[in-house]
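Labels run A, B, C, D and E following the written order; every chain starts at residue 1.
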């Protein structure tokens, strides 16, 4: 059962992502990306990472995709994208080679035998509970940093997307520059 | 007495420096007078020293330290012994005369003051050479006379270079450089000899060297002898380093007389004589020296036979006589060599100075084919040159007779009949060319154009100054026995064997016979004037001789030109296109690699990303490589 | 039985797909999609290893990756908007002034 | 006056910095004044110097980076003393003879900084401080060549800088290597050369280190085949640059051999006498030939420098007191003579703005004083006895003769080939008729030029006749050096080759 | 239900967080000030930022070393402290460069957000270096990077936009590699904490798969590290981004992000190198050699000073990585020493470019600082030319200027390692390094040649348009510290070596 589910999910995810990568249509690409991400959350559930699955759904499918859709509207991306994909052979060769290497590496018996999970789920706790316990003790700092990071992202987004970037002060001549040039002397 | 040594030595230097102060100003007679006077002082001092050495014995003075490093200590030390005092007296005497002579000869020359400065400096150097008590001191003088010779040969430096056809010496400056460089080649040999002596005997002082050279390994002594002789060959213009001497005639005639006849060129002989304890140990080298000397004697004489240049003829005869000296020295008859050296100095300088008078009279014309009949206008000069030529030819009872004849006897005595025979032939040749020159110059009919020259006798005082020389050329032979006893207190006494003693008169007769026949032949040929024989002049042997066996041209073709083109090749090809181009090439490669690699920086983000992926693969490859490497190492 | 390596290989494949996308895409928006794929591939690996070891660090990591991905999208889109506003194009071939 | 060395090093530095405040019309006099004071200070150093003491004197040691063993460690011995004096003298002469109007202030200040670096190199006994001055000397020289040079000055300057820079960096690795070996032996870091002397290294190590240092020094000397920067540098540099370059900067390389290579790696030095000597021979003969082929007067002298440096190298690697003393003396003499020759070429260049020999001819009749001084320097250059040039050349050759007679004979050809190119130069320039109209009205040397040149002539003759006051202190230090090397050497060959002198001497 | 977890406050050792909290708090303060009053002058923010950084510096300086905090997540060891100090010094010197001649010259300084983001970025870097947990490293890295992208873009020129997008995209790809690398490490050891990783790796040394995973992890991580530190061929963003961003930002980027990433690399690769997995050293050395060589060669042919400096900083990064591969205390201390000296010199050089910046590209259609702009500078403004020359010579490693000491110590560490292990390879590495220095000298000289040896161009526009007193002061400080470096080498060396060695690196 799990095997079937795994292969079902994996094949579907792979195909969907392939569409994302290969499609000329932005809309298709985005839709298949979103679908693939939904399916990935399925894998998470299979792995018992319920909380992560939910986060995946909410953040990716919810927030990220929403952002992308807004952006798409802004960019007017209904038409097909014209791209110059000249050296696709090279691209696939590179991608394929890396895939091969990674696969080879992961197929090797790389799992450390002496390794023991440091932060096993607490006895009897559900996954979200266990996650919460670790997240708010051990990983509280990264959590807060992530908050800062999101704040940064927000400020960045506001500045970049907002009106503040419309007129560049770095290229418009200001008065002192003009006087400098005309005076021709050092200050 | 020590002071006298210094006076004898430094008086010429003082004169030189004095004259140098006027070096850049117009002619000032005072320089000529002062330098001549100082040289006379030097001569007087030398003469007193001669007397002192004769009566009391040698003087050895040490002025100060010069070079010291490691275990080496070279002082400025001077030795006045039988050999050096002989040389000193001879040098200062002739120099004094030549200084006086030059006052007249250089009368109209712009470089009058400069000339005297150089000339006195030369005498100083020569005195250093002969008086020094060690080999390096000798080398100072050795190089010093070389420089003065350079300065004086090139005295008329302003003359342009011409082709060899017009003037075989090309130009004074060319001849000066040739002389200097050729001498340098030999000097290297001499330096090597000095090095050998130093490292094997630990000293360069004559007395110490000669005292300790005996036990030295024979091979080493052999090399010391050879290398020192190489030095001597350069200074004394022995084959194959002889070409410079004839070219050196570009210098003013007093210079030729002083340097290239009487003094400097005999320095090589002096060195061999001085180093006699060394050469005594290696008779093979001595024999070699004799052979070289003999060869040069006839070789030079042969060139003199056909030459038309007044001074060059005398130069070749000098060369030939140097050959005699070396023959004698090489055969171990050092005092004979020294005797011939001194005698030769007197008559040869006389000859040169006479030639100078002729030149003066002929407006620097040197071609004897264009002279003739000068006897009438230049009676004194004719006399001087005649006497000198007779001496040179070895006619009894003149000085040359005694000295040359003794050399022939020595050759006979040593059973080196080949050498004797060649020298004997040479004696005949010598007589012939000397008188060929005398006759062509003074006898016969006038062959010069009156428009070019108004021959006249030179100043009186000049002629008077020559008297001592002429006298000595005549009577010096009479002092042979005194000379022998005097010098052989230092030099090995060479005694003829009984047998030779017996047939000595026969040898004398034979030698005189060939000399006289040479003169007679010359008279027959040229006594009545010049009869040119076109056929003979165009024959191969004649042309070979008149072109000095084509040796200068050969040197030019074999050494100078290839050296010049090799130098050019070294510079333009090796240095610039190979060595420097490699350096620049490395820079160029670096730069072009930079230019090529910067192309991967296309500016296109997609390419950058591809490079990143490719880089990851590259890293994998490196990792694999490193893995293999470390596995191999383990 | 599905083991850890299955997940890891899936992750590797997805990573490579994402990489191909990154290398292939010229439209910056599409390119960003591909980077999302790569991050997700890493997420799968972390989740799988985490479950293998029964260790929550992997899930934590994946959790933060999701956060990072979201932030990147925000900043990235901000940049894209600037570019679009100023130059009217998102094709990276148009941004090759600086080179060499 | 224990810290006279520091004064010597830092006085020009301070003077140079203060020089920025001096008005540019008065800067020449300022420069001459400073250089004179510096020269007098160096003479005073000589006065204070105990000539009978072969060891280091006026030692100053201030730790700078104790954790890494770097200290300000300066001292002089007989070997460095006279090179320092020559450096101060040549700087003074160079400034006196200066004939440049453009940016003269910068030039003078740069020269003063250069003087700091030069003296620093010769007094340093700490490898890093040595290296510091060594490298820093490149900067002012770069500026001098590049700013006041000829047409291709930038190429020449950059080539000079990069070439020497690259070489000295390899040397730096050698220094770091030695420092680490010292550290692992003694447990402490030290870059003090005197500490390093005490290290006895296995031959395997010595040989690598020898070559590492060799590259640094060889490029500076410059030895074939690393010499090609020199003709450009000389050819393009202004007169004062050439003078100092030839007189002092090149000596850094040969000094390095004496100060570092020989005492630190006696075995390797002995083992590699042959390769080094062969390179030196190539320098001597080959560059003499190249010099002969030159058309530019200055290039002749530039190449002749290389040739003479070959003799210095030969002397240095003679491994006996005669040779090494000779090579050090030859450094001095070459410094003075080539400096003077460059000055002379400079003065004719100032008049005619060309250095091509074909442009001249017959100058002896137009400019007799010039010709006279030129002639004296030429004779000194070809090693005429009783001039300064002979003593060093003779001693170098005599020293090396002990090592290899054959090679010495080949090296001795320098006296022939040197005469060939020098006399040819002289003949082409000074002899013959005055054919070029531009030469007919040339002024003879003026007062300024004579002021610069006459002292050099005096030195050339003085030290040619009476080299004792200089030779003995050098010799004493060199003897100490050779006996130290003999002591330290551990291969039989080195023991046999390095000679220890038995005699000791004093300057009255 | 679950037991509540009780944690004592002392065990958290919150002091370890203080430096970052100060920076974050400061950033928030700036945002809040802006919220209340929006038309405040940039000078306020500059000074405020400097004060915050100053406090941050103090907090960092007073940290006790070899402390862990917050569930062992924070790691304050020697290299964390020393790297933070260098980061803060660089930041302190960077911020006042905003004080250009007139008030509103350049876009980014007009917005208080710039300073807030800057402080966030500093905090991000501080987190990055002060932990050995891969998660926090990653989150810190991304925080800093995202801020940095924005800061670059805020310069708001075409170049800046292009630079930001290039940097951003490549950064995203690099992040992917970082994550996959972490996944490999995590898979191998079951931990994302490096001390734990080291322990487990050590017990696995004999396993066959071990090497594969070790090398796989290293390769993937090295891609990410290589991107940030700018190693070949992950360096490609560097010249473009430096060219596109403002000069101070470029100078800052040549030091701080690189240093932070070097610390991360030191922690990650240090684990492998300490286990004596030589292959890892070799990989790093090979990539370092390629980096320094190729970057040098490309720098040689540049026409723009800023771009040349970009390549030169790539080459310097190669130098640093070579020392990193040794894993010796001396090697690691030399890295910090090197960065310390590099900071002074390089920031100085970029600051000199900054004051010569015009809004219009007057000398070249693309470049802001083409070489020709500096032709004959010595006659226009000698002092500036001399200072710039000093920076260039220092970069070239000419003694006695500051970077020489860094180079000396760094090469010394390589040589020491070679001698100590008796491996000729390391001596060869040292030779390659010095030869690269020699090549590098060429392009530094090129600027000197332009400034000192060429005659000025006819163009009479003033070169130092951006000059102001604060900038002069900063440059003066940098120049003096560059020239007189010999005076403080010893204390600096002592301090750095103490910090690095005391935490076992």
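Definition applied: a contact is a pair of C-beta atoms (placed from the backbone, for glycine too) under 8 Å apart; a residue touches a chain by one contact, two chains touch by 3 or more.
Not measured: the values here are computed from a predicted model.
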Least hop count linking subunit A to subunit B through chains in contact: 1
Neighbouring chains common to subunit B and subunit E, by label: A, C, D
Moving only between chains that touch, what is the shortest number of steps from subunit A to subunit D? 2
Suppose chain centres are the mean of their C-alpha atoms. Which chain sits farthest from subunit C? B
Look at all chain centres (mean of CA atoms) and spot the one farthest from the centre of subunit A. B
Going by C-alpha centres, which chain is most central here? D
Pair with more cross-chain C-beta pairs in contact, given A-C and A-E: A-C
If you average the Cα atoms of subunit D and of subunit E to get two centres, how far apart are those centres in Å? 43
Can you give the whole-Å distance between the Cα centres of subunit C and subunit E? 26
Whole-Å distance, subunit B centre to subunit C centre, using C-alpha means? 95
Take the average of all CA coordinates in subunit B, do the same for subunit D, and state the distance between these two points in whole angstrom. 36
Multi-partner residues of subunit B (at least 2 other chains): 587, 598, 601, 603, 605, 609-610, 613-614, 616, 620
If a residue has to touch 2 or more other chains to count, which residues of subunit C qualify? 4, 8, 11, 15, 18-19, 22-23, 25-26, 53, 55, 57, 60, 64, 67-68, 71-72, 75, 78-80, 82, 92-93, 95, 97-100
Spell out, as numbers or ranges, the residues of subunit D touching 2 or more other chains. 162
How do the chains pair up in terms of touching? List each pair. A-B, A-C, A-E, B-C, B-D, B-E, C-E, D-E
Under the touch definition given earlier, write down the residues of subunit E that touch subunit D in their complex. 378-379, 382, 393, 396-400, 404, 408-409, 411-412, 415-416, 419-420, 427, 430-431, 434-435, 437-438, 441-442, 445, 448-449, 452-454, 486, 489-490, 493-494, 497
Spell out the residues on subunit B that touch subunit A in their complex, using ranges where they run on. 610, 613-614, 616-617, 620
Contact set on subunit E toward subunit A in their complex: 2, 5, 7, 17, 24, 31, 70-71, 73-74, 101-102, 104-108, 110-111, 113, 116-117, 120, 123-124, 127, 133, 135-136, 139-140, 142-143, 146-147, 149-150, 153-157, 160, 180, 184, 187-191, 193, 196, 200-201, 203-204, 207-209, 212-213, 216, 246, 358-360, 381, 460-462, 464-465, 467-468
With touch defined as at the start, can you tell me which subunit A residues reach subunit B in the complex? 87, 90-91, 94-95, 97-98, 101
In their shared complex, subunit B is touched by residues of subunit E numbered 165-166, 169-170, 173-174, 177, 211, 215, 218-220, 222-223, 226-227, 232-234, 236-237, 239-240, 277-280, 282-283, 286-287, 294, 296-302, 439, 442
